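In structure tokens below, several structures.
Two complexes, one shared chain (subunit A), two partners (subunit B, subunit C).
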Partner chain A sequence: MSAWSLAWRTVVHNPARACLAIGGVAVIGALLFNMLLLSRGLLVSFRDLLDTAGYDVRVLANEGSPIHRAPLAGAPSLAGEIERLPSVRRVALIRSDDALALPPGRDADAASVTLIGSTERQLGGAWDIVKGSTLPAEVHPGEPVPLVVSTKLAARQRLEPGSPLRIRVNLAGGASVLPSVDCRVVGIGSFTFESAYDYTVATTMAGFAAAHGAPDGKDEADLVLVASAPDAGPEAAAKAIAALRPDVRVYSNAQVVDQFNARAFSYFRQISVVLSTITLAFAFLLVATLLTMSVNQRLGEVAALRALGFPRRRIAANLLCESALLVGVGGVAALPLGGVLAIVLDRILRAMPGVPERLHFFVFEMDTVVLHAALLTATGILAALYPIWLAARLPIAATLRKEIVS
Partner chain B sequence: MSAAAPIVEGRDLTRVFPMPAGDVTALGHVSIRIEPGEHVAITGPSGCGKSTLLHLLGCVDQATGGTLLFEGREVGALSESDRSRIRLTRIGFVFQRFFLLPMLTAWENIELPQAEAGASKSERRARTRELLEYVGLTERMDHRPSQLSGGEMQRVAIARALANRPPLLLADEPTGELDEATGEQIADLFDRVHADGTAIVVVTHNPVVAARAQRRLAMKSGSVVSG
Partner chain C sequence: MVMAAFAVALAAAAAAGSSSPAPLPEILLSRQLAEQASVRPGETVTIAAAANGAGAKQFRVAGIYEPTPDPMRFTSRRIEARLHLPDLLAMTATPEDPSSIEAVKAINVKLVDPKEAEAFDAALTARVPGTFSRLTARAQDGSDPFAVLERFHLAVAIVTVIGSTAFLLALMVMRAEERREIIGIVRLIGVSQRFVLLVVLAEGLLIAAAGAGFGVLVAKAAEGSVNRFFQWRYDTTLVFVRVTARIALQSIALAVPLGILAGVVGSWTLLRRDIVSLVRR
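And now, the complex of A and B:
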């Protein structure tokens, strides 16, 4: 009979102990799985979110940061220069501001929105049209400003493609004195970067300028999005842009992710490492305690096996297999349990203000499952060490004598 | 005295247990020879060193003085794994409390030492069937220890001890947990084992079991006083 089958029979013979151990490892393993998902999930999701937009290089003003951006002056000419680089395929200018969306005649339904101006009719994957059409290529003078509104805003303000809407830009630091402009909803879309409590509205660059009371447009942009040529790649494009214009800051998506990883995400990682270590310590203590108790209850049995000629390594193998079975079954049960827990926690975290709804804190990766299995395996082995030592060093004669006397 | 080489021979064996209150000599300068096919009973009051002597003969404990030879090899010079091998293949052990593995059936308990010794599946099957017939438990082969009586458990334990055809069977109070009638059945079984050529050393308080032995050693205060 192999060590595995003997261990299996031992586990099955003690159902209460096995249930306690497996249940405990499953719960602890689920928490560990969540911590591991959390340690990388946000980063992976953020990278996916950036890549979804279809642009892999970002150009910003030298002042500010990727989060708190200062406007870029002379943006159209900068975009033109960048677009002529052989490593660049496409360029888009982006502006954004806070505004108020006012459905005509329904002031009570007014909502604060983020107004985005773009030189592109369809800004990569930044929004997906679910109804109506995307922004028009051209808007004739006197026509209302075209808008793509988010599904949530459309639902709240009962908007449909063709609905009129007025937009008034908020000015920072005081009440807005800008007039509201007449707009028309051309499409309803799902916005990638919209958070649970935000509403987003996109328009053309001309529309954005009109909302700011400058129909001819200003030459500013908050951000220049660049899609690199497939044969060049984002790093080469970023390098070429930085060489062309040393007065701006250029980041590939990978660099943006690296920056977030080193700053904001490092907190998640540290929390995750601390909590993972604690959960592993709990798993270790649980399995080590149960196995030690089990060995202590079976000292006579172990001594008899040794007296019958079973070598120390065989006793050690039995206990190691027993530990592996308890941790293994518990670890497997931890995956669906952890998965459900991750979905619930992810839903709660994504509802936080300012967090894009499509950003996930818990992202399933095969690597995480492998790491989870490796950590639990190591814990199972470590937890078995003391009981193994106890059983292997057992003085056979003294134990048999003690068992008879007791 | 037989001219054949003894299975196990202890010369001037001493076993001292260090205790906080001072060393305790459980066995003092005992010499003993067990010949092949012999049936020896060791008797004496509790604490006189019977089990200590049995454990030394069975290579589960090491003497603090003297020499133990098992089939001519000095046990003190052997590695732990060599001693384990001797116990597995050359010695059968029967305990007062049976110590059967509770999660295994009677069949599996008997098969286990054979598997450990490397016997093939067909050899194991044949030997286990033979032993279950030998101890009269063929009908109970699928029963776990918890489903067997004390006498049945001890019969399974004897079958397990004989699984690898050892030339020496050591039994430590094999009837200690059994009633008189069942104890006699076990004594009968030992007689059969002995008649089949296996040497037996039995430590016992039971006069019926002791009376079946060819040679009786009486012990007192760590020494053999007669036999």
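And now, the complex of A and C:
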């Protein structure tokens, strides 16, 4: 009989014990799997989110804190300079501000929104039109400001393409004294960066300036988005822009992700490391204790096998296989269980204010499954070491005598 | 109290003991900034509000302070300085905007009765249009990031409890199995099933209470290490873990009944078995 068969029979002989042990490993394994997903999930999701917008370089003003950066002055001319670089394919200007969306005649339905002004009519994956049309290329004088509103805002304010809407911009840090401007909804879109608690409205740069009481337009932008030429790549484009304009800050998507990793994501990474370590230690204790107790209960059996001529190696292999069965079956069961748990935990964390609805904290990656399997395998081997040592050092005659006497 | 926060750039740290006859205005530097710039109290520093160093002014470092820990910003380095408000306004004011010499971003207000915050906000908005007040207390609608983190940690704790229960049950089943013959003999000499169950309950209570107490002690001992690690990692005095009496009692209240239950469930199959099968006859 092979070591695997013997281990299988031992496990099946005590089904309740085996089920509980496998259940324990599965639950702890699921938690470990989740912590491993969390250790990279937000980064992977954030990178995907940045990449879906179709731009891979971001240009910001040099002044201000990383959170409250000052707007870029002379943005159209800066965009023109950048666009002429051979490593650049496309450039877009972005401005954003807080505003109030007021459906005419329904003041009770007013909602605070994030107003985005862009030179792009449809910002790649940053917003996708689900109804109506995208922002028009040109707006004639006297026409209402065109808007693309998010699906959530459209549902809340019962807006359809063609619906009138008034927008009043909030001045920084205070109640707005600006008059509201007449707008018209041209499309309803799904915004990638919209959070659960936010409503988003996009318009043209001219519309954004009009909402700020400057119908002739301002030459400021919060952000210049750049798509690098395919043959140059984002790093080369970022370098070229930084060389062209040393007075601005230039980040490729990879650099933005690195900064995010070093600052905002740091807490979740540390938490996942701490909890992964604890869950591994717990899994080790669980398997080691169960195997040790199992060996202690079967000392007579082990001694008899040794007396029959079973070598130490065979006994060790048997225990190792038993450990592998418990950890292996538990580890496999941990994957679907971990998947369900990840959905629950992800939903909890995504309720955090300001987190885009499409950002996920837990993202499935094949590498994580491999790491999970490797860690559980190592834990199973380590947990089997002490019981193996106990069984291997067993004095055969004394144990058999003790067993008979008892 | 009036406060304003502006980003300032430390242009250079000059040698100690300025030779200027007029006393320099004073400045406080955060510990992190002082360490980064290798500046000590009494030294002179040059500060500019603009990145290009325009309008730079010299200050004497009056002291180094530890920034108040802020859970919302603990991952960022606190490179900060505190100036007297008139000194700061003199640096940031622009001639094009005469009102900038007396402009601040925020005013901290302590109300006599915090319950009157709503009335205060209404009165403020009515008297000074264009301003608004914001409570410093945590939001109660569940949107507070710390409430979200609390829910996340609670969910992880629940999963851990489920895993631990399975572990405990497996151990108790094995332990009961180990004592099968003893229970059989005890039953044979006339001890009632009820008495054996009471013994199992008492044993479960003792083990669970001891285990829960030990767990609380381990958590209390680990509290310092975890705090020290994260405080070192993020260079902050923020307290990350605090084992309070309430948390300890919650853990014990959860662990003890679970331990007793695991003991009873583990022994239940043996107690229901017939005596002869227990003694393997």
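By our rule, the second predicted complex is superposed on the first by the 402 of 406 C-alpha atoms of A that agree within 3 Å, B and C clash if a C-alpha of one lies under 4 Å from a C-alpha of the other, contacts with A are read in each partner's own complex, and residues count from 1 in each chain.
Throughout what follows, a residue touches a chain if its C-beta (ideal position, glycine included) is under 8 Å from a C-beta of that chain, and two chains touch if they have at least 3 such contacts.
Predicted model only: the values in this text are computed from it and were never measured.
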### Task
Report clash or fit for the pair subunit B and subunit C bound to subunit A in the combined superposed model.
fit
### Query
Who contacts more of subunit A, subunit B or subunit C?
C
### Task
Identify the partner contact of A:L291: answer first if only subunit B is touched, second if only subunit C is, both if each is, neither if none is.
neither
### Message
One more residue to check, A:V139. First (subunit B), second (subunit C), both or neither?
### Response
neither
### Query
Is A:L400 contacted by the first partner subunit B, the second partner subunit C, both or neither?
first
### Query
Thinking of the overlay built on chain A, is A:R263 touched by subunit B (first), by subunit C (second), by both, or by neither?
second
### Message
Under the stated touch criterion, which partner chain does A:L147 make contact with: subunit B (first), subunit C (second), both, or neither?
### Response
neither
### Query
Which partner does A:A21 contact after superposing on A: first (subunit B), second (subunit C), both, neither?
second
### Query
After superposition on the shared chain, which partner residues are touched by A:V344: those of subunit B (first), subunit C (second), both, or neither?
second
#### Entry: Minimum C-alpha spacing, chains overlaid - subunit B and subunit C, in Å
10
### On subunit A, the residue positions that both subunit B and subunit C contact, one per complex
none
### Summary
As the complex stands, subunit B meets subunit A at residues 51-52, 55, 58, 60-61, 80-81, 84-89, 91, 93, 95-97, 99, 101-104, 108, 111-113, 115-117, 160-161, 172-173, 176
### Query
For subunit A, which residues count as touching subunit B in their complex?
1, 6, 9-10, 12-13, 300-301, 303-312, 314, 395-398, 400-401, 403-404
### Summary
Interface with subunit C, subunit A side, in the complex: residues 14, 16-17, 20-21, 23-24, 27-28, 30-31, 62-66, 171, 173-175, 177, 197, 262-264, 266-267, 270, 274-275, 279, 282, 285-286, 289-290, 293-294, 297, 341, 344-345, 348-349, 351-353
#### Entry: Contacting residues of subunit C [partner subunit A, same complex]
7, 50-51, 74-76, 105-106, 125, 129-132, 142-145, 148-149, 151-152, 155-156, 159-160, 162-164, 166-167, 169-171, 173-175, 177-178, 226, 230, 233-234, 269
